[in-house]
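Naming follows writing order (A, B, C, D, E, F, G and H), and every chain is counted from residue 1.
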Amino acid sequence: MICRFVFSGSGGQGVITAAIIMAEAAVYHGGLNAVQTQSYGPEARGGAARADVILSSEEIQYPKVDRPNILICLSNLAYSKYTWLVRPGGVVFIDPHIIKTRRTADARQVELPLYENCLEALGTTLPMNICLLGCLSRLVGLVTPEALEKVIENRFSGKNAEMNIKALHLGVDLVTRLPEMPPIQFL
Amino acid sequence: MIQINRYWCKGCGICVAFCPKNVLQLDDEGIVTAPREELCIECMLCELRCPDFAIEVIKEEKRA
Amino acid sequence: MPDSPIRFLQGNEVLADAALYAGLKFFAGYPITPSTETAERLSYLLPRVGGKFIQMEDELSSMCAIIGASLTGLKAMTATSGPGFSLMQEAIGYAVMAEIPCVIADVQRGGPSTGLPTRVSQGDVMQARWGTHGDHSIITLTASNHQDMFTMTVEAFNLAETFRTPVILLFDEVLAHMREKVTIPEKDEIPIVDRLVTSVPRGTDYHPYFPREDGRLPMSDFGGSHRYNVTGLFHDMWGFPTDKPDVVNELMHHLVNKIENRVSIIQRYKEYHIDDAETLLISYGSAARSARHIMEDRRKVGMNIGMLELQTLWPFPRQLVQEKTKNAKYIVVVEMNMGQIENEVRASVNHSDSVYLANRVDGQLITPTDIKNFLRIIHGRGI
Amino acid sequence: MSSMTQYLRTRFMPHIWCPGCGHGIVLSGLLRAIDALGLEKNDIVIVSGIGCSSRLQGYVDFHTMHTLHGRALAFATGVKFGRPELKIIVPMGDGDALAIGGNHFIHAARRNIDLTAIVMNNNIYGMTGGQFSPMTDTGKKATTAPDGTIDRPFDTVSIATAAGATFIARTTTYHVHQMIQILKKAIVHRGFSVVEILSQCPTYYGRKNNAGSAVDMMNWFKDNTYKLGTKTAEEAGEMKALGIFIEKDEPEYCDRYKTIIQKVGSP
Amino acid sequence: MPDSPIRFLQGNEVLADAALYAGLKFFAGYPITPSTETAERLSYLLPRVGGKFIQMEDELSSMCAIIGASLTGLKAMTATSGPGFSLMQEAIGYAVMAEIPCVIADVQRGGPSTGLPTRVSQGDVMQARWGTHGDHSIITLTASNHQDMFTMTVEAFNLAETFRTPVILLFDEVLAHMREKVTIPEKDEIPIVDRLVTSVPRGTDYHPYFPREDGRLPMSDFGGSHRYNVTGLFHDMWGFPTDKPDVVNELMHHLVNKIENRVSIIQRYKEYHIDDAETLLISYGSAARSARHIMEDRRKVGMNIGMLELQTLWPFPRQLVQEKTKNAKYIVVVEMNMGQIENEVRASVNHSDSVYLANRVDGQLITPTDIKNFLRIIHGRGI
Amino acid sequence: MSSMTQYLRTRFMPHIWCPGCGHGIVLSGLLRAIDALGLEKNDIVIVSGIGCSSRLQGYVDFHTMHTLHGRALAFATGVKFGRPELKIIVPMGDGDALAIGGNHFIHAARRNIDLTAIVMNNNIYGMTGGQFSPMTDTGKKATTAPDGTIDRPFDTVSIATAAGATFIARTTTYHVHQMIQILKKAIVHRGFSVVEILSQCPTYYGRKNNAGSAVDMMNWFKDNTYKLGTKTAEEAGEMKALGIFIEKDEPEYCDRYKTIIQKVGSP
Amino acid sequence: MIQINRYWCKGCGICVAFCPKNVLQLDDEGIVTAPREELCIECMLCELRCPDFAIEVIKEEKRA
Amino acid sequence: MICRFVFSGSGGQGVITAAIIMAEAAVYHGGLNAVQTQSYGPEARGGAARADVILSSEEIQYPKVDRPNILICLSNLAYSKYTWLVRPGGVVFIDPHIIKTRRTADARQVELPLYENCLEALGTTLPMNICLLGCLSRLVGLVTPEALEKVIENRFSGKNAEMNIKALHLGVDLVTRLPEMPPIQFL
């Protein structure tokens, strides 16, 4: 099993943190191998943010994700830049509140109303990234909500931890309210 | 007249905070606007302090 | 996850943790992309284990400071990238001449000059060997994944102590920035070579530069019982300057031979399917990940392909490469520079016509597909 | 958009700096000073090192040179000594100027060579992600000082004075009018001029030290500075003086060399 | 003797005079043995011919200053020795990347480190090639007598201008300190390559990094009509930073190929009795004096011995060496290091078993007798 | 022969310095200061750079380290920070300390790390044969200034003060009693101490500038200096003040780090 | 008592010039001697200023 | 023709200057080739001084003098250090006033009373080195007094030039007062 993720958005949305937390959950509590990379350099300042994660039951050699199975876009810029990368059979996750342009990518597109839900349930959109992880744990599998919870507890403390755990479960629940989707292929 | 370059503005809020007449404001998308332009006294502070050359005060005289 | 030895870390963090495992007690450095995270992690960890962290005013002084600290008996390291590595060259030569154990990690980015600060390259291989003035020899290790990074870092400290010499760890941006799993070895799982301290008692004449029978030179800490001299000039066995031709000649040969004559015990490498390999990939560092990827991929379709991964770059294991390439029809060096190791491979093999370079120098990690395409061309099947 | 765009290489805008970064205000002030002086674009050379601050050079439509971390003044010395009629302006970070570049800084000052050094002091290494600099106050946090720095900071004005600079001033990104006035004088001054401009790095210095937003940091500049000469040392306490500390006429380096050439040269 | 073109000078002085002949207008340096006399002479001469001399605070800044001055249109040089050369490496890489013509003279002394400040060596050959980080290519010239020093110095300036690149002059302590006769060429006797200035008129877009058809890149002085950008980052043809892989790749290849593809026009050498040489000495610098001495001596007693003297060390003239060594049974590289050029020769010849090293690394000039003894041994006749 | 021979590696005597070279007097004074303090030989480390002055290190029977030109303080910082209980003394030439080594000088001072820097200032590069240094007065001659230097000199005391040294003094080879007293205090001082000792180089500085013999040069020191505080700036004119300029108690660098370790370390 | 190390003395003349009692003198070979030792007041200046450790003043008391 | 000289003495005696002047005279006015080298390094400070000169009608390759035809010693240290270097058939020139130890070298030894003569005729021993050159121009040949005179005039000015020219001729004359010596062999 091998699954390649690209988390993309703009600086400050925490997409890189989300990627790392997912990878840590897979490694520490899922018995998987994981490699995480991210873009550095001028474009990483201010503007766009991108983190790649590969999860696999085998050893991972080539560490970059050229063609993701799963693409998450949390900004319009990221959306227009990366959608064409997705592998056949893969999925693009977007937040309908954020992404205005809806180009038809050569991939299935799933809308996750993270912004709305977080604002409503938690009064802040800050933990959208963690809420996203909750959704993914259900939709993609590979890492369980319990594994994510442990990593989050280890990483944050106090109020922050609390809020993020709430956001996580918000994400897990949110999925139940989405239209059912066919399984994602990854190889 | 306040001229704003929406593509350059990064929404840092410096101009907003230091405008003596409270002329400016960030919009939904976090970009500066001048909803109270009529209060402007053309002190130039917004333009001078903007780190991004995104706001310019075209003075009466200049326009004349 | 403190109860488990498994970690999910950035390469630069692995370097830091491995150095501490090896006994690091002193780090001096100056920030530079893509190596800074090592310093950042050590600034936190070192005082917590009774070690010392200092941020110096530049790379020149960082290198000098670790030499000074090493003389007081502490295992010492610095970490940098190309521009900083260039600045350290004079002081690295001093460590060679004065035989001071220390470790220098160079996390390679695109060069020359400021180049591509956040992009990968393997362009400093030859500089690691020849960056400082004058004849000398040097040990340089590399790795292609975090587990090996850990091991090679510990080895670097061990070799530095064993041979009383600076050892260079040549990593690269991809390794340094990516995160992957690493299992921290248990205490003593990797043997640690400690500072060999002289057994000469106080009051007896101690010769800091007089090798024992086994070639090793026991040290005596500054501030300890023995007062001696350390210099970057050619010196006698007490460490005092001399330009007597015979003494100079002997020291020159000692400095070079202590390393060049021990290639077989310094060489670290990994091999995959060498026996039946008609096509043999030779690679190292992050490029070796792509090489191994495509090797495994091509074997699945029946290609007789194998791989030799170099972990010791200097002294270059010429004999090893000669032996391992004996039966290969195509020897393909996969690296991210203009052929720095290819050149060494070419000089090592019996049939240099069969040596090919599969490289990439545009700041991007060479991909398995790149290599596949190179192979098609080399095998005469177009692109 | 601003009238300063005539001096900008607008194709690279918006610039690379973070939202609220003080370096943009310095850039703006510098262009306004140059504009006010009515200098020819072709007579100006900008020589920078490496750092967020040093990226200034790329955005301005003069002769521009982006050199090595810490070495800008050494390159600039070559340009100036090679062609003394040019105006050379050297924007530098605090690390660039006074960590790795400290030696060139004091020697350029010692020579009194006609360069305008602008120290964009944000008390941090911005470009590499927030390590402490020689201008970070003792006890402040940085990625390489998780327990607070134990280092003591330099005072740019004192160092420049001791080294022999003949024009020395300090201002901040809050004090934009003063900044422009000072930069004008510094550029015109014949000899080595140092202008320290306190600049905010909200991204790293601000975050690490809970200094708040760019606006908060600029307010801090307002509240913690005073006009040179208006307070006694006692009254000032930790506050920093702003203004022109030194402005004196001494023979400039290239001018001195010209007299040597005139004495011995066979034209 | 102002009326005659004959001079009796120290090598360092010849370097100074030749640089002025070549059009030197700017020197920045920091004193170091055994190169200081060049600076001393130029501090006197330059202001007398309207040029500029500046003593900088160190070697790093000296190298930076000549780059800055070169951009204003002046031919610029610095001179140093090993430790200073190590310190200049970062800035040399900058000159490579930004394609700034300039000349760096390294007068070699014993190394590594402070080594033997007043003794001869040829230990910086590999450093000249690989001292700075990142892939690159570089031109390095040397000479064995004062007349050739003069010529090679002028050539260095010419090549620097032709290829917009730093050129290294690698001399050594013996050459630099000894005095011998040199005949100053008449004006125009050695052609001078002047700065190629762009013909693009003011107001028209000028591309500082866009090569002409003949491969040369016309320059525009700082302070002149064209405003452009210079950087040590990878850059586009306007000189602005980019990390676009295709642009990076192209620049990397341009920097290397502008030199490596022109070996045959950059190579300078001298040959003696190659045709019938069963034993061929290959040498350079002051070692070549002893080699030539013994060659002439041995020919008198009937030995079929010849000599190839290299004056261009980098790019290494592999093809030339291969051709010239075709018929030799014994290829003996005479140099004062541990085999730095021998290694290149070995990689260049068809039969690397016939390559021998005749060297000396004790700070003393290798003598004709030393070489005679090496030859006896190589020829199987004992010592 | 002298009682100081107990500290000398006599097998290398007579030393390499020229007849009348002031550096020998500094060596003598240093050993007398150490002797008077009753320090253990094994507790003393001498770290020097490269230069005539830096050869001092080879003659003394302590832990000795002869490093690179200009970098002595950086090496010394490693030794001290590695083993704070040792006394580290760093003899340096004026070029070593303030030309190539200027940056390490100001940063060691900024940190207030407990090193004793002795600047053996002979206003020239002795070792390389008489080029001007950053301490050569404007107009003086040197092999690289045949028409007189156009450079202005540094003032060691001002630079050290601005950079933050906590003990700063100046003396000369003529004033041997003062030299010994100052060196004693400097060595004992906890923090970065700078002792500038004006020293004569009759061979190069003297000859190039018609300054006469070593004796003449020492007489010049006598006639052109005064005790700090005994003259007004006006009275002093070109004369240099001798004595202790700064002596203050501030937290030392290794001590500060120790408090960090105590705070966070798990012993 | 003035003790002189002829092998270390380089004849620089510093001790001679600064001796307050004119005790010292360079000989033919340019090495220091103490022809007027009886005038010595043991002020130590010669020893302290000798750059070469070539002259030592053994004080009365010490000898006693 | 090739003749190898070693000029040795102690610092300040001007042996290096003498060597250079002789070489210049040979090159500028004698149509010869010359190479001059000297010792640098710690031992060159204060103590001993040594300069080597090779004069030849051919091109000179190896520039050092391992075995001189002509050795000049102006100090005892130099005398004891170098006399054994002299080639068979060569000559050692010494000043009897200076050299106390008279070991029998494997070479002819010629005494040149430079010290005495200079002191007597010129009131100073400073130009001993030039006086020596006068002697050599007669005893060894290769460079003429006229050639040396030109070089000296070019190198020194005013009183210094005058004194040195006097010293030169003093040397030339002095030779006539020496016992005649058989010719020196050099090859």
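To be clear about the criterion, a contact is a pair of C-beta atoms (placed from the backbone, for glycine too) under 8 Å apart; a residue touches a chain by one contact, two chains touch by 3 or more.
Everything numeric here is computed off the predicted structure, so don't read it as measured data.
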- From chain B, count the fewest steps through touching chains until chain F is reached. 2
- Message: By mean C-alpha position, what chain is farthest away from chain B?
- Response: H
- Item | Chain centre separation (chain B, chain H; CA means) in Å | 87
- Message: Centroid of chain A to centroid of chain F, CA atoms only: how many Å?
- Response: 61
- Item | For chain B paired with chain C, centre-to-centre distance based on mean C-alpha positions, whole Å | 55
- Query: Using the average of all C-alpha atoms in each chain as its centre, how far is it in Å between chain B and chain D?
  - Reply: 26
- Note on the structure: Note: chain A residues in touch with at least two other chains are 41-42, 46
- Using the touch rule from the top of the page, what residues of chain E touch 2 or more other chains? 33, 47, 57-58, 60, 83, 90, 94, 113-114, 117-119, 231-233, 241, 243
- Multi-chain contact sites of chain B, meaning residues that touch two or more partners: 10
- Note on the structure: In the complex, the residues of chain F that touch chain C are 12, 41-43, 45, 47, 57-58, 61-68, 71, 74-83, 85-86, 103-104, 107, 257, 260-261, 264-267
- Note on the structure: Counting only contacts in the complex, chain E reaches chain C at residues 60, 82-83, 85-87, 89-90, 93-94, 96-98, 106, 108, 110-119, 121, 123-124, 126-127, 129-136, 231-234, 243, 245-246, 248-249, 252-253, 255-256, 337-338, 340, 343, 346-347, 361-364
- What does chain F use to touch chain E in their complex? 50, 66, 68-70, 99-100, 102, 125, 127-129, 131-132, 134, 143-147, 151
- Message: Under the stated contact criterion, what part of chain C meets chain D in this complex?
- Response: 30-33, 36, 39-40, 43-44, 47, 53, 55, 57-59, 83, 113-114
- Of all residues in chain H, those that touch chain E in their complex: 20, 23-24, 27-28, 33-38, 40-42, 44, 60-64, 66, 154
